[in-house]
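Got a structure for you, questions after.
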């Protein structure tokens, strides 16, 4: 493959792109070898950091698209977000996992495995984001799925294995559907683009999207939407998501919510663009709007009956994904901008929340909501961190999600008032549920044991700080950039 | 200016001096109607003087409020009465307060009296205050409604203006006015604690309202309260008089003899009103406290209806 | 000649659909496995026919994989598993055979109706093949949904995959068909191993952890 | 710009733990804010000052503007803020865990200031919701009490509900291209349909914050839950900020409202006023009583606003100016005396640890100063002359008297009814505060806590006395306040009340001398003069000796304070009259048979219709749906697959039947 690169891509940028892929791949291989878990944790964080640097380098210069990989504004957003959250999560997981080892939930062997898998996951996600070839994209997402399946099951508890199994089966079906969609896209492109790999290259598809066979595209999009939508966690394809979040290690929950969902969403967006560029095909918007609204309202109601704090926030991820998909489905510069913003903010906030939740569950020794009370008294930092995080995720100012939800709702209402009503209702219902749980967890009379928390608060504070800043002030370049992407998605 | 001032002062003195007389008159006539001889006309004055010279006994549990309330109440009532045209419209300070303010002044007098009733911390004081509050809660809106009716007819809430307009007899007979009159009479009876709402002569604890509130008062304080309540009665009488039977009211800046005539006619009106009130009180029985609500509700409805008529059609 | 070639291709594809319907019809696990092996064989045949048709030699590899892995290895493995785990031999249906067959026919009709929308100017072979492939995929899903045994669900998943391979091989000059078929075989292998590891006797949903500890000897 | 300064410094200061500096700082900043806004109002022909910061929503930025309306409300906010800070200087010492109050108190103030100066939808809503968030945090200060947690929950949900309503309204006014700046919205002409929708949404949004019936349910829960100085802010000031939002949206951004809007607002206002005061009468918790009274006063204010809308719709500018002035005047007054009363209740709470009036009584002797200022507050809120509450109600009455000229029949029928409701609520308010003051401060102490109470600290007293003085000032010299309000009315309605400062004897004349006029100063002087005169005469010429003796009480002196009238027994006659309609009140007497020694029991059940008809059903609905959907959490993999399969088949079917 490297040969293809050197021939196709400008050296420097090629290096950046290559690095993004090579670093995690190499370190994954390396981490399999490293025995000492402390060193491996450090190595893990370091590799993630390098990857972040490489991703930032893409801002400086973007290589021209190649047959396999390409970089455009759209996936740069995702890549940088991914590597950032990946880095912070690796920081968090270093301390978290150490604690898990102490209390004996994990063995050293599993730990090695864990770190290697972590890097492998980063690699898979980066690959699927960078892939210009829809087949490659599919492979990468399958890889990411398998990795996370293994990670979810790592605790070997009955629940964990069931969750992993459920995830695995549903995921495989999703993968199969996505593959069928991919084949259909190829067939749609066959008459115009001609045989061979060219018909699977996204840029090529885009450039003559207008002349692809619409009926075939429609068929393909349905399969792709369902296949990748399973990964996005859209209701009713969401079933794997809550259990996987609840039973896996918390850093993995953070990565799942913060990153993997975005990756799948990115895939959906790619094909949405192809479809939108084709006059004859059905408009993808309504489909996505419907699915988004459905997920939002469904998840909002599901929040009420949750007993496990991680499952609770898993459902809130579904809710947010619903809003994001809704926004992209609405289209238009405002809504797209809002969708991007919401996605970024959700990744940051939700991972921060999972950091907090992980530390809470370590401090209290349970994830059951019924046993968590009055955290602001016993664990002030965690308690207030959770309050801030939930306030942010619930769309309270002065946090970024308020901005994006403001844009989504107001722009929707101006264009499609009838759509805005269920949207608002869903938001309100979800808000009520989150606040209800927050009151019980963060306030009231504390109970249960209190172990000291060793893991660092830095990732959480960093994320929440970013979200806060975004709520008050969005830097100009970022705005311009997002607007450009929004235009591109339009 | 000068005569305005003189009229004002004359009226203030007049209401102060006439009020006990009216009370005495009512008592006398009632007694006569009941085949009793009854107290002499001037008995109220004697009572006041005696009370004023007695020492006043204050309960141990009474607070500072208990002792200033009588003065406040008396002052508020007196000022209110001073602003209702009795025999002349040209009151100097009539512009300083319209009829709404007058009502509100009476309201604050009642407010403080009710507080005083609760001050000592006895059960009967509480009874009185709470019933008074209930009565007032219905009487005041009714009064406001009546005022609306008048104000909408006269295009003003200034009593002098209203009276002047009524005098200028281009008002004619109106349905709304009639309703307002009936409502006003009911309210007046309720506000002054006359039968059938309350019996000023009663000392049967469970039925009394006003008397229960002032139960703990004695001496000069009691005197002031008694005086205030008789002034209040006078006020209502002269209110009804100046709005509904304004004849004989001396217009502003009229020569002296007109004022004297006006004063004479006013005295006649007072006497008439006293006799009528006595008649009414002897004819009907006191009603249970919670029936009062129905009576006052009726008054409120009447007042509201009158206002509504005024709103929807100018003619009525 | 060319026309005849297409007809043969269609014949094979159609017969795969037919076999899928037969799969739905089975009530005993062994019979189910046998029929599935038959389907795999037919698939191998059609794939190799496509290889000859498009003279794409790598498709022969795909055909071989289909033949070896899915027609022979996995059925045998499942046979042994059924015997080992003492899974009883009946196919438990969530929906009875009759209705399932009707649903299957409806799905085939739906598949054809959907693909019929595709403008005919797209080359014929693709169009027809897609119709059949789609039908096979849907039938596989139907199988997974209406059968309760883990084994029969695996079979359903694999027949779904057969549909994918069919579509891929039908797509003229589609790259990575081999890789895809390999990847999928791995996936299927995972599932089968999973079933074996977790001692999933009857249902997909209940994993038996005790067995796992015996196997991996991990302390918890 | 001032408010941003407030925010900045406040944000800088907020983390430092000690009490004094923070409240001092808030005090100074608030006073500065007052001065600034006041200077703006006093200045002849003031020009609105704009300012845009490159924060908030990108490509629009955060607009801030200071105009008459904003300046007036800034005064209200900062006056309340200053008083609360001053009060808190003393009261804050009683706080159990101050570190939960200190960070949010300044932020809360800052949020309210920001709302008043925000000039684009985004920063407005941001400040609005920020205000809710911080106040929610303040409500949750005493979170160990489950009732407070419930209060906080209801509050935050209602708040975000209101915010979403406002958000939708702004979305409508901004249009699809997102013109969120207020200036753009003003320029933009709105179609009737949109105007109607925006009005309804604004009413819901602002009403839910202000406590308009039936959106008031959170208010009596949340306000008492917070520490008293915060309750004062929430009740006295934050509700006013909501009023500001409503006035801003309806009069300023939408332009001339349609007449039916006035109808709706009037009706709601009237109902709110009466229901609020009736609820207050039924309360025996002092702070809840005050909170319900806030509901009543909000109703009165909305009556004024509704009248203004009706007049404006009929192009009766002068009348509209009168009505709006009355409303805004009442806003000012209510912020004064409601803060004062909440401070008083806080002082009582600090001295006795009790909020239940059933445990209080006789505080007038142990806390004379507090009881005096509290009395002033009671007289003011009961709309009795010569204090300020009366003036605004008097103005409202004057406005009502102008309304026969309205052309719409519905209005001419509704307005007198609303007038009756207004009068009723005023009378009931008087009754209610006779009860509140009498039971709390008069009579004999009902508990040891009340008996051993002692006067509060200097700061608290200072705060309360300042407010009382302001109440008196606004009551006897209302002309100045009215003139200060004129810039706002001119901006919103293009009209103003006649200039009052040249009227002789400082009396106020709404329309014309002949029509009506009122002179608080003279009335005040007359009353005090004649009272003093009477006192002097009697003490001079008649007896002035005084003897303390046990209470007579018709010869049944009762030893136990329990025989005093309690708040429930005081309200009983009124409950008899109104309870049936307002609360569906039921009484059940359980009288033991003769010879039976157990005590007789009288149980009274009251129902809050808002809860029973709206909120509980909603909650049940949500939970029912949640339960239904919850089955989806426990399906087997096969069923999940069948979900996926179903969706797939559905989509394919749709596609197959899609018309090309």
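Order of writing sets the chain letters: A, B, C and D. Residues in each chain are counted from 1.
Quick note on the criterion: contacts are C-beta pairs under 8 Å (C-beta built on N, C-alpha and C of every residue); 3 or more make two chains touch, one makes a residue touch a chain.
Being a predicted model, the structure only gives us computed values, none of them experimental.
Note on connectivity: the fewest steps through touching chains from chain B to chain C is 2. Seen from the Cα centre of chain B, the chain whose own Cα centre is farthest off is C. Put simply, the C-alpha centre of chain B and that of chain D have 35 angstrom between them. Chain C and chain D have CA centres that are 70 Å apart. Chain geometry summary: the mean Cα position of chain A and that of chain D are 45 Å apart.
Chain A and chain C have CA centres that are 32 Å apart. For chain C, residues that reach two or more other chains under the stated contact definition are 114, 117, 141, 144, 204-205.
The residues of chain D that reach two or more other chains are 637, 641, 644, 648, 652, 655, 658, 660, listed in rising order. Across the assembly, chain A contributes 165-166, 169, 173, 215, 218-219 as residues in contact with two or more other chains. Listed by chain label, the pairs that touch are A-C, A-D, B-D, C-D.
On chain D, the positions that touch chain C within their shared complex are 636-638, 641-642, 644-645, 648-649, 652-653, 655-656, 658, 660. Interface residues of chain A facing chain C in the complex, by the touch rule stated above, are 107, 135, 139, 142, 146, 156-158, 161-162, 165-166, 168-169, 172-173, 175-176, 179-180, 183-184, 186-188, 190-191, 195-197, 200, 213-216, 218-219.
Of all residues in chain B, those touching chain D in their complex are 52-65, 67-68, 71-72, 74-76, 78-79, 82, 93, 95-98, 100-101, 104-105, 107-108, 110-111, 114-115, 117-127, 129-131, 133-134, 136-141, 143-145, 148, 151-152, 155-158, 161, 203, 205, 215-216, 219-220, 224, 289-290, 293, 297, 300, 303-304, 307-308, 310-312, 314. Partner chain D is touched in their complex by these residues of chain C: 94, 107, 110-111, 113-114, 117, 138, 141-142, 144-145, 148, 153, 203-205.
Those residues of chain D lying in contact with chain B across their complex are 361-362, 364-365, 368, 371, 375, 379, 382-385, 390, 394, 397-398, 400-401, 403-404, 409, 412-413, 415-417, 419-420, 423-424, 426-428, 430-431, 433-435, 437-439, 441-444, 505, 507, 513-519, 522-523, 526-532, 534-535, 538, 542-554, 557-558, 561, 563-565, 569-574, 576-577.
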